[in-house]
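Sharing a structure with you now.
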């Protein structure tokens, strides 16, 4: 089996989740990676979703953060207030998985606006749970497609603090816990350098060159001295991932081309019992 | 039927609870009065106990604030944190029933110490929920046996604020809501005068003289101009109260003389399954 | 049941132009039918409050109900943008809207503070984030015991909160379960609470410590089966993920959106509740 | 079950002289057996934390375990005084103890703040009360939005929290129901959590949104049927009100108390947990 770049990214992210780890999971690739880890090397990883589900073991991936599948397979379901207070802020989360529209040289994340905040070029969905995940999880892993417009010198807006201006500026801002430990892209893995906290490429995915990474990065990216190669995804990893995606597509019967159901749905909304 | 002074006190307290009122209830006579109201003129009074039970309808009186009977008959049972935050502090409680060891001229309550706080003559149980009930219920009713050592010029310790030094001193201290509206004793009812906020006798129980009240009160108590007479407890009120007490005694099989069970109980504590 | 009303009566009587209204439900139990009724009754100048605006706020904003939006994540979950929300923010169509933007955690703290009768709540948050610079509703205080810098956010106390639940009993007590989100908090935070329910039952049969709202805190209960679709009601029906996907194209174009709203919301008969 | 221990092992391994230990349970599910094991193991200089000290703390204080008491209501519920507590405070017998006295609401705010990882919590409280003058752990701040004066209390983060619950499953997940008090809060507030349970079951069968503590937040589960008696365990046994009444006389006299403790606690065999 040959993995696509996106599959490699997911597999590499999954590998970073250790057995038994308590992980705060966002929807999309983070959720896919966390569940792949759970279905392969980390069966006892504890997955927490911000919708309030703790210890979820979904058999198919949720399309939304509050999917019923997450509730049914959870050890317990608490209020969203409690998730953010007792569980995330309470220091129970070891790893937070985050995506973003932009990540910069010092691993700051933007999911708010492209352009100026008051008159944005693109209005993005916004912060969600990210600022507190980035501040309170003991460690944050960032997953993002590698692209010059996404890996930028400086984010347009700091939604979630990484290492701010680098060095000890995160600590000086009063952020005690955590911080990003890796940015996983479809080309490589970047990690913050210990002193400067600047993201440097530490690992290249199979078939990816330094030149390609440099070209796709919005700053003059550096490469670690001990740059390593990503191990090719195993057959088990890939087949588990693909089966998970197949089951998910089946369960959600997702087909954006079929719009005939729109009327049906809305009439369901309006129907009342006599 | 002829009522005892204690029965009159309970009946008068019960009458003050209007139908549909949301009432925060303490154990003892407050609980007895609130349930008597519910079983007579106020079937839809909502009783809240600090143990977390909301809308309880006990068939027998609880001996403790966390009695199982309270949970079984409640509309819902929430955590004790939630009771104090969302329900009491959230402003949902219309009437708070309180007892105390001492109440003074300005309706301040002491349930902490007799004597000096650092070296008390008598160490009382302490505040419990009272300071916040007295501060946050829209209205507080105080029930206490009439005795010079209990109705005092000035309490040894203000556990729960009444009108502090009288006048507008409660408002000046930042206490926005409520305050005591009546002190119900086994002799009479006292209410705060509108300007001075000093407690004055407004209502005498059957057969009680002014002299007797004056003698049993620790300050030079005054009587309202329109002093009224307490209506004698009706047969329905009395029979309902006595039946409630009978059922309660039966259910709890309370008999302090029988101590043989002590060993039995403790061995139960220590027994383990093999 | 004393607090039973039809949905159209409940919205007409209890929600007014210019009100601050929260519609909550975290993906689960989103009160779509109530949102549609607000659109049909052409309520205007509303401050709309919701952690995750979702398609329902996209529709309300696109139809001109909103003056202001208080939120923390405004996307189409699992799909992408909310195009009507973006059009309002980026192009001021159908008119400009004000934005009061927080994080999820901050929204829950604001709801919780209001439910608890406090003027503000504390959290660890916003350190190093640009959000605090753009929002005067995020301030900082020092812990009086440790000196640690903590974020403070003001209570959110809407005029009206609207939620959808699985059940009410005939006395008007409400029970919801599954992903309960922040519904209890917003219900207790608001001055009035409207609840649409799937079903009215003789006995709630709610387990001990379930998420129950007693009748006396609920302003009105409306019997609206299907009232959360195309989101879902645990135990009743599933989320219509295909609707959410298809919404992306419907909402992208102003005319297509208007046509769809006319055919599917405006021209439909109001929901009639009844036990 | 990886976190299953006998009660005597759990106390020996996880509770140390000088620790701050909270035993919670609001009348219901009071961890009596664990308290007795602490007495038998002669743990000393403990800071004892509990909203309602009850008979269990009366016993622990009378047997000399306590250096300091953090509490909000120290009586024998429905009966009267806790005589051993009073003897310690009034007559310094068996030795003086320090008192850190709050109100119920303040205790819940301190637990909640700790569970939520905050150094302090806010409340409306203590205005006009003498408690604030005698307790440096009650301070006041001004709301940064409204200027209102609010009380602040510090988080209580015990070294060890001990609670009793109805059930655990074999994986060590814990479920309690009925009057749940502040058990979830104190469990999440503490550095270590010990839970004694009535029963160990294959499947918790906990309803959605029940009060459940996942195994990974619980330091140890001990199988101790009857571990809450003479308080009660909803669904298992009733409160022994007669014991509470009789305790008044047992505890009034120092020698009677000592004799009773020797016969009924000290000389009994330690509880052995085991699934």
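Chains: A, B, C and D, in written order; residue numbering restarts at 1 for each.
Keep this in mind: a contact is a pair of C-beta atoms (placed from the backbone, for glycine too) under 8 Å apart; a residue touches a chain by one contact, two chains touch by 3 or more.
Here the structure is a predicted model, which is why all the values come from computation and not from measurement.
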{"item": "Intersection of contact partners for subunit B and subunit D", "value": "C"}
{"item": "Maximum centroid distance from subunit B, chain identifier (CA atoms)", "value": "A"}
{"item": "Euclidean distance of C-alpha centroids - subunit B vs subunit C, Å", "value": "40"}
{"item": "Centroid distance [mean C-alpha coordinates] between subunit B and subunit A, Å", "value": "55"}
{"item": "Length of the line joining the C-alpha centres of subunit A and subunit C, rounded to whole Å", "value": "26"}
{"item": "Residue numbers of subunit D (touch at least two other chains)", "value": "112, 117-118, 123-124, 148, 178, 180, 184-185, 208-211, 234"}
{"item": "Residues within subunit B bordering two or more other chains", "value": "71, 77-78, 85, 89, 136"}
{"item": "Pairs of chains in contact (touch as defined earlier), listed by label", "value": "A-C, A-D, B-C, B-D, C-D"}
{"item": "Touching residues (chain side subunit C, partner subunit A) in the complex", "value": "26-28, 32-33, 36, 51-52, 71-75, 77-78, 81-82, 85-86, 89-90, 101-105, 108-109, 111-112, 123-131, 134, 148-149, 178-182, 184-185, 211, 223-227, 229-230, 232, 234, 237-246, 248-250, 260, 263-265, 268-269, 271-274"}
{"item": "Subunit D residues touching subunit A - in the complex, by the definition given at the top", "value": "112, 115-118, 173, 184-185, 188, 206, 208-210, 212, 214, 216-217"}
{"item": "Subunit D contact footprint on subunit C (complex, rising order)", "value": "117-124, 137, 139-141, 143-146, 148, 150, 152, 154, 177-178, 180, 207-211, 234"}
{"item": "Subunit A residues touching subunit D - in the complex, by the definition given at the top", "value": "20, 22, 46, 54-55, 71, 75-78, 85-86, 89-92, 136"}
{"item": "Subunit A to subunit C touching residues, read off their complex", "value": "27-28, 50-53, 62-68, 70-71, 77, 79-81, 84-85, 88-89, 112, 117, 120-132, 135-136, 157-161, 164, 170, 173-175, 252-256, 258-259, 261-263, 265-274"}
